[in-house]
Structures are given as C-alpha cells and as structure tokens.
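Each of the next two complexes has chain A plus one more chain, namely chain B in the first and chain C in the second.
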Partner chain A sequence: MKRLQALWRGALLTAGAAAVCAGEGLLLLETLRRGLAGLGSASARAAAPRFLAQTCNTLLLTGAALFVSIPLAAGAAAWLLRTRRRRMRRALLRCLSALSGVPSAVYGLFGYLAFGSAIGLGYSLLTGALTAALLTLPPAVFLIRGALLQADGSVFRSALALGASQERAVFGVQFAAARPGIESAAYLAASRIAAESAALLLTSGIGDAPPRGIVSQLFRSGATLTVGLYQSVLEGETALAFSAGVLLMLFVSLLQALAAGR
Partner chain B sequence: MSRLWDRLLRAAMRLSAAAVFAALFLLAGWLFAAALPLLRAQAGAFLFSADWRPIAGRFGIAAMLLSSAGCALCAVALATPAALLAALAVRECCPPPAPTLFRSLNRAMAGLPSVLCGLVGMTCIVPAIDRWFPRRTAQSGGAGGLAAILVLALMLLPTLADGFFSALESIPDETRNASRALGAARTQTVFCCLLPSLRASIGLHAGNALRRALGEATAVLLVCGNVVRMPSLFSAQRTLAGTVVLEMGYAAGEHRSALFAIGLVLLLLTSLLPSSQRKR
Partner chain C sequence: MVRNLSVSYGKTPVLQGVSLRIPDRCITALIGRSGCGKSTFLKCLNRLIDEEDAAVTGSIRFDGREVLDPRCSATDLRRRVGMVFQAPSPFCMSVFDNVAYGIRLHERLPRRELRRRVEEALAAVGLLGELGGRLRQGARGLSGGQQQRLCIARALAVGPQVLLLDEPTSALDPVSTVQVERLLAALSQRMAVVIVTHNLAQARRIAQRVAFFGEGTLLQDGPPSLLSGAGACRELERYLRDA
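This part shows the complex of A and B:
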C-alpha cells in the first residue's frame, strides 16, 4: 500500500517535470531551429536593414525609458525607506502593487491618451519610451527598494555620525552601497521593455524607416524588435519572425546574464 | 550651499513618490474619461450583450469577457500544478547540477517576449490540434480556445516554476531533515510536509499568473482565430485585450470610446484579483 502511494506520487512529480521540460524545450528548440535556419536565407538577408532599424529603435527606446524610470524609481524607493509617514508609505506600496498588475495593453491605451494625444507626441518612440518607463516603474521601485534594504546599514549610520545630513547619507552613501542591486534592476527593466509588445504597438507604432539621427528618430514612429516580430507574423513572414525571435533571445539573455552577474 | 542640496534632494524624493501616485490616478481617471461617452450611452448593453459589431454601433463585450476569463482560468489551472510539481521534483529529488540548471533556464525563459510563445503556438500547436481533432476543427483550422489556453500556459510556465522554486529555497533545511528523521520517505516529505507550507505562495503566484494571462494580448491574438463569438475549445474567438490591440489602429468616435471602456474593464478585473503585495 505504502509502496503504491510512493509510486504514484513519484509518477506525479515526474509528469510535472516532464510537462515543464516539454513546454520550455518546445519553445526554445523550435525558435532556435527555425530561427537559425532562417538567419542565413536570402529573405533574411534582404530584411537586414529592417532588423538593423528595429534594433536601433529597441536600444533607443530602452535607453530613453530607463533614463526616465530609474531615477524616478530610485527617488520613490528612497522616499519609501526614509519617510516617517506610515500611512502614506502603505498607500504608496498599495499603489505600486496595483500598478504592477495593470495589463500592458491598458498601459498602451493610457500612453496613447496621455503622451500621444494630450501632449501631442503622436505615434513616436518617445511616446513608447514614456509608456515603457511607466510600465517598468513598479518592478524597478520594488527591486531598488530591496537593494537598498539589503545594503549594509552600518555605512548609513556611520555617515550620519560623521555629520552628513539624512539626504546626503541616503543619496551619497546608501545608494553607493546598493549600486550592484540598482544596476541589476536597470538590466531587468531593460529586458522587460525589450520583450514588451502590446503597450508599444499602441504607442510607438510600427514604422521601420532607418534612423538618421537620435533626436529626430525619437519623434518618429518606430517598431522595436518584438513589435517587428509580431508585425512580420501578421504579414505571413514566419521565417523572418523566427529570426527576430533568435535575435531577441540573445538580447534578453545577455541582459539577464548581466543582471545576474551584479 | 549644502542645505540647498538637501532641500533639492528631499524635494526630488517627494516628487518621485508623488509621480507614482499620480500615475495610478491619472491612468484610471483618464481611461474613465475616455470611456465615458460610450458608458453613458449604453453601459448595460456594453457589459451584458454579446453583440460586438462596431459598424452597426453595437458594442457588447460579454462574449469576449467570457472568452478572456475562460482562457486565463484554464491556462492557470493547467500551468500551476505542472510548474509546482516540476519545481518540487527538481529541487527535492534531483542531483546537484539539475536545480541550478532549472533555475537559470526558467529565469532566461521568463524574460522571453510572450509574442514568441504565440508564434511557436501558431507554427506548432495549432497544426497539432488540427491533426488531433480533425472533425472538430473543420471550420477553425485548429485556432481557438484550446490553442489559446496552451499558449498562455506555455507563457506562464517559466515564471511560475521560478516562483515556486524560490519559495522552496526559502524553506529551511531543518524542515526537510525533521521530516526525514521522523521516517518519512522522500515523496512523503515532498507531499505531506513541503507542499502544505507552500500554500501561501501558491495563491500568490497563481494570482499573478491569472493577472498576466488576462492581460495578454498579442500572443493570444496569433492563435485564437479572432472572431467575436461565445467561447468554446475548438471554435475561433477573441479576447478583450486582443480586441484593444486589433482595433485601436482604425477606431474612431464611439468605437474608440468602447475600446477605452474595455481597457477600464481589464483594469478593474486585474485590480479586483487578490493583491500581490510583497511582505517584507
């Protein structure tokens, strides 16, 4: 009887592990197989300028979004740590966890309304970057807060004892101690933005003209690699989409490795 | 001089905290304002009618709402046990290199774009469904609820598995040792001792997964056929988030307002689910 129980429990565990391995293996191997086969083909070579433009757009949009979201997140995390108003702190935490559950399509709608039409940026990389900044704000605040909490508290107290003001001690000393964690938060936020599709589809549009200058490109519509992938599927170019998928896989794993190495 | 710096820094801190508050309230308020024209005209029909014909001025989301909820619930119900069992099996019963490998694989896969899952679903899962159930999929060619559920589950698996794995890591070794010392077999330890202590984190991760599944637009769009119809496993259908992405490009007037109202419904749905607040 007992042996029977152990047997079916073991079978259950094996089945779960097999299901997960099968699912993830399917995703990984299928993308690699078809993507690598597609990368060398003539159609992929013809689409190279498009890939290049999309890669530039991805880098530009990610950079601009991080430029907005990381300082904001750092400020909010520092405020969370240092404020004495408990109710406000709890309210902010609740607000952040509500924001982190909002679907990305809803962020896209809001970004389109607020940055696209109210501010008048239209479909542009800048609209997309601002929306992406909003999208990554909640996880970035949580990660930076975690990094600040884990950083050695004794440096903070020593700074205070040496006569630094509260603000100086937070921004000058505690942030320096928490720097690896903040960097890894930035890399994770970047990988999230690189993987985003619905929100950016609604805000930065699907343009794929080659960039001429950084500033002028920011005000034009441009697809990132992920949006480009979706767009090529809609156009029936499955092979191209898989090639973009391999590029994205490389990009995202690079960012994740950087984040883990910190 | 340094007093000025202190003030500036303090103001910056307050400003960024205020920006987070502002983001949530502006988001909800602005969506509501944009959805208002339609809600004022036909709020009841919007929620309870299944008739979505923008050209005729009919905006009923009931079918899409059911389809969204059904696909998301089934996907979570499929992916959560699988991820949980896999995490338990690898963390508790596998020799050393496997757990580290499992963790880094899951981390890497969780960062992949969800569209990629949709793409793989389109090229692998949809044809497979068509092959397995030829009679049922005569009209849809395999696209439909089942394909959407499988793709969503595929998308949720790495995140869920990583979450359960971390939860297992945080259980102290004394618990396992105590259970083994009482004479429990390895599988007994897993099922009678570790599984019950994971209860809280199961709820947390399943809630987060459900939220992600409800809000997923592009991956589902690629495999579910995109016809507004009552949900079923084998016929083409469409979800709420998918409709927003699909129709936003050309919508105007009341139609556009209806799409913002869909956004509002999604926002309400995801915020009504149990909160994912982290305990520290």
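This part shows the complex of A and C:
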C-alpha cells in the first residue's frame, strides 16, 4: 500500500513537472519560432531603426534607473542592518513589504504625477527611469540586505577593531564581502526594469525617434522594447511584436544568467 | 587598569564588579567556562562593546585616560588597543591592502613608506617570506593559519600598544597554533597581550599572568602556577579538574 502511495506521489510530481516544462517550453519555442521568423522578414528590416531606438531606450532607461535605485537600496539596506532603532526598522520593513505588492501601473501613475507633472519632466525616459527606480527599490533593498546578512559579518567587526567608523566598515569592507549578492540584486533589478511595461507606458511614452545623444535622449519620450511590443500588438503587427519579444527574452536571459553566475 | 567593571544586556548581568590590572610586556590569559564573560571583558577594553546594546559601568584606565568616558575617541582607542578574533576574517582584498587598511584609516603615507610598514608587519608574523613577495594575491586564498597571521599583521600594522586576542588559535591546526603562539611570545616583549583561551595547555605554555573568570566575576588572578593548582581557589581547582 505504501509502495503504491509512493508511486502515485512520484507520478503526480513527475506529471506536474512535465506539465510546467511543456507549458513553458511551448511558450518559449513558439515565441522563438515566430520571433526569429519575424526578424528575417521585410517588415522587420523596415522596422530595424525602430528596434534600434527601442533597444537603446531600454538600455538607457535601465542604466539610469539602476544608477538611482541601487545606491539608495544599498544605503537603506546598510541602515536596516546597523540601526538600533528597532521600531523604525520594523516600520520601514513593513512599508517596503507593502510597496513590493503595489501594481506597477500605480507606480506609473505616481511617477507621472511626481516626476512628469510636478517636476516638469513630462513624458521622458528620465521620468520612466525615476519611476522604475522607485518600483525596484523595495525588492533591491531586501536582496542587498540579504546579501549583507549572508556575507561574513566578522569583517565588519574586524574593521571596527582597527579603528574604522561604522560607515567605513560597512561601505568599505562589508559591502566588498557582499559584492556578489549586490551584483545579483542589480542584475535582477535590471531584468525587472527591462521587462516592465505598465509603469513605463505611463511615464516614458511611446516615442520611436532614433537616439541622438545620451543626455538629450533622457529628456525625450521613448518606448522601450516592452512598450514597443505592446505598440506593435495594438497596431496589428504581431510578427514585429514577437521579434521584439525575442530580443527582450535574450536581454533578460542574459541578465538572469549574470545574476545566477554571481 | 580595570576597576569595578560591570556589563549587563538589558536585565541580564554578564560581568559584575571586575577589577584587574593588565601588566605591560606580558601575556595575560583569561580563562574560564564558556559564557562566563571573558570575551565581553575583552570587548570592553577597546570599546567594541559600544556596538552592542550593553550597559557598561566602572572604570578602565589606559595611558592615563578613562577609556569608558564618552569623550574618549573609540576609533583612536582601537588603533592603540588592537584586537584579533577567533575566526580569521581577511577582507575581500589583496594581502597588501588588508594590512594597509588600518594604516590608511589613520595616516596618509607616501607609497614607499606604506609598503615598508606593510612588509614590516608581514615579516613580524612570518608571512613575508612565506608569500615570497606575492602581496597582491587575494587574502582569502591563504590557508587558515596564514589568514589568522595576516589578521594579526593587520592589527600590528597600526602600531598598537596592547593586543587583544579572542581564542585566536581555536580554528587552527596544531602547526599553525604553534606558529601563532611563538609570534605572541615575541610580541609580548614589546606590548601587553591579552588572550582569551579555553586551551589550558596553551595558557600554561605562553601566559605570564592568568585571570580566572566564573559566572561574570573575576574569581582569581595570579601567576601561571595557578594552572597547576598551586594556590588555586576552589572554583579554579574544580575547573582544572573538569578541563
């Protein structure tokens, strides 16, 4: 009887795993099939400048967002680690947990109000980058805090024992020990930003103009690959949408592989 | 000179009324059962206890100044009272940068002078010859014994007057342990060394003074002959029997 139950459990688990692999595999293969076919088509060649612009916008927006979010997340994580104000620490952790669950469209609305309208940046990559930075801040704080906790805590104590201040011990030594984890957090944040759609649709806009300069491009409206994918679907160009999907998958897979490699 | 030192975490007393004179140019071994407050006592001497939620009362005088006075700079004190911990903890840097780290915290030296100080510290712990000049290699690639000696070199490089060691050889193999003990014996010629150890044989080998702690108080201190039972108090005799 026990043997039968064990066999039954094993069969269920195997079937579940097979179903997941089949479903995910189908999605992946179909996207690759249509996307690669689309990339070779005449319409894709005609849309190459648009793809180039969207790829540049994705890289620029992701870079700018990380430039803001990772240092802030690192600072917040270091404060959470070292502070003795337990109530404030608990309150901040609860706020961050709550913010992690807020839909990205809400971030987009807030981002447009705060950065686009109040500061006056309008629809621009910078508005999108600042919004994306806010969006990725809570998970980045948790990941970096986890990396600091996992890293060898004795190096912090050793740095203090040499006469370092708390700040120098944390940022100079403990962060170095936690670097692989911090880099993973950055790659994961980058893959989240690159794949983001709702928040960026409401903030960075749908511009397709070819980029002219890094700084000037930040202040212009620009669609990322994900937003471009939505655009293509709405315009009935599903082949182009799948092609954008393939490019996005490659970019995100690369970032995930870099994160896993740390 | 430690007078009437008491430490408590919340309502839990860890050290009560400890008074002890730590002689210069001498190895003082702190012995006692686990949890009796030896490491806490050590952390008070260089105010690493400040990093914990502990209430500290009493007096610790060093070089004519009151260490526990909030006006006394903890970072300056820790330069003069160095500490090495149980588990080797090299930073994620090269061997050179590990040793130079403490120097760079307190001084701005020309490159040549910095290199000289680093090599001097590494030579003092016997690592300079062993590494054969490969000072740019990562410190975490060294063996456990080499890492612990590197940590001692790192503490020595800033020129301390007192060196505190919390069970520095408990994680090391016997050969590395002997190397570290020889090093400490040499260092005690020029500075006060305070070592927490559970290894009574080690204490017998290297200590010139012994302080026996029990349940948060200093029960007895005196010459190393105490470790053979001569003149030992009842608690120490029981500890020596059980060890």
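Just so we're on the same page, the second predicted complex is superposed on the first by the 246 of 262 C-alpha atoms of A that agree within 3 Å, B and C clash if a C-alpha of one lies under 4 Å from a C-alpha of the other, contacts with A are read in each partner's own complex, and residues count from 1 in each chain.
Note that a contact is a pair of C-beta atoms (placed from the backbone, for glycine too) under 8 Å apart; a residue touches a chain by one contact, two chains touch by 3 or more.
On a predicted model such as this, the values are computed, not experimentally measured, just so you know.
Peer 1: Is A:14 touching anything from chain B or chain C once the two structures are fitted on A? First, second, both or neither.
Peer 2: After superposition on chain A, A:14 lies in contact with chain B alone.
Peer 1: Quick one: classify A:214 as touching chain B (first), chain C (second), both or neither.
Peer 2: In the superposed model, A:214 contacts neither chain B nor chain C.
Peer 1: Compare chain B and chain C by how many residues of chain A each one touches, and report the one with more.
Peer 2: B
Peer 1: Quick check on the superposed pair: does A:36 touch chain B, chain C, both, or neither? Answer first, second, both or neither.
Peer 2: Neither partner.
Peer 1: Report for A:84: first if it touches chain B alone, second if chain C alone, otherwise both or neither.
Peer 2: second
Peer 1: Between chain B and chain C, whom does A:176 touch in the aligned arrangement: first, second, both, or neither?
Peer 2: A:176 sits against chain C, while chain B stays out of touch.
Peer 1: Quick check for you: in the superposed arrangement, does A:165 touch first (chain B), second (chain C), both or neither?
Peer 2: It touches chain B and chain C both.
Peer 1: What part of chain A is shared between its chain B contacts and its chain C contacts?
Peer 2: 165-166, 168
Peer 1: Which bits of chain A are touching chain B when the two form their complex?
Peer 2: 2, 5-6, 9-10, 12-17, 19-21, 23-24, 26-28, 30-31, 34, 71-76, 78-80, 82-83, 88, 91-110, 112-114, 134, 137-138, 141-142, 146, 149, 165-168, 170-171, 191-192, 194-198, 201-202, 226, 229-230, 233, 238, 241-242, 245, 248-249, 252-253, 255-256, 260
Peer 1: In the complex of these two chains, what residues of chain C are touching chain A?
Peer 2: Going by the criterion above, the answer is residues 46, 48, 51, 53, 75-76, 78-79, 82-85, 87, 89-93, 101-102, 105-106, 151, 154-155, 158.
Peer 1: Would you tell me which residues of chain B are touching chain A in their complex?
Peer 2: Touching chain A: residues 2, 5-6, 9-10, 12-17, 19-21, 23-24, 26-27, 30-31, 34, 81-86, 88-90, 93, 104-109, 111-120, 122-124, 153-154, 157-158, 161, 185, 187-188, 190-191, 208, 211, 214-218, 222, 241, 244-245, 248, 259-260, 263, 266-267, 270-271, 273, 275-278, 280 of chain B.
Peer 1: Using the touch definition from the top, list the residues of chain A that touch chain C in their complex.
Peer 2: Interface residues on the chain A side: 84, 152, 154-155, 157-166, 168, 172-173, 176-177, 179.
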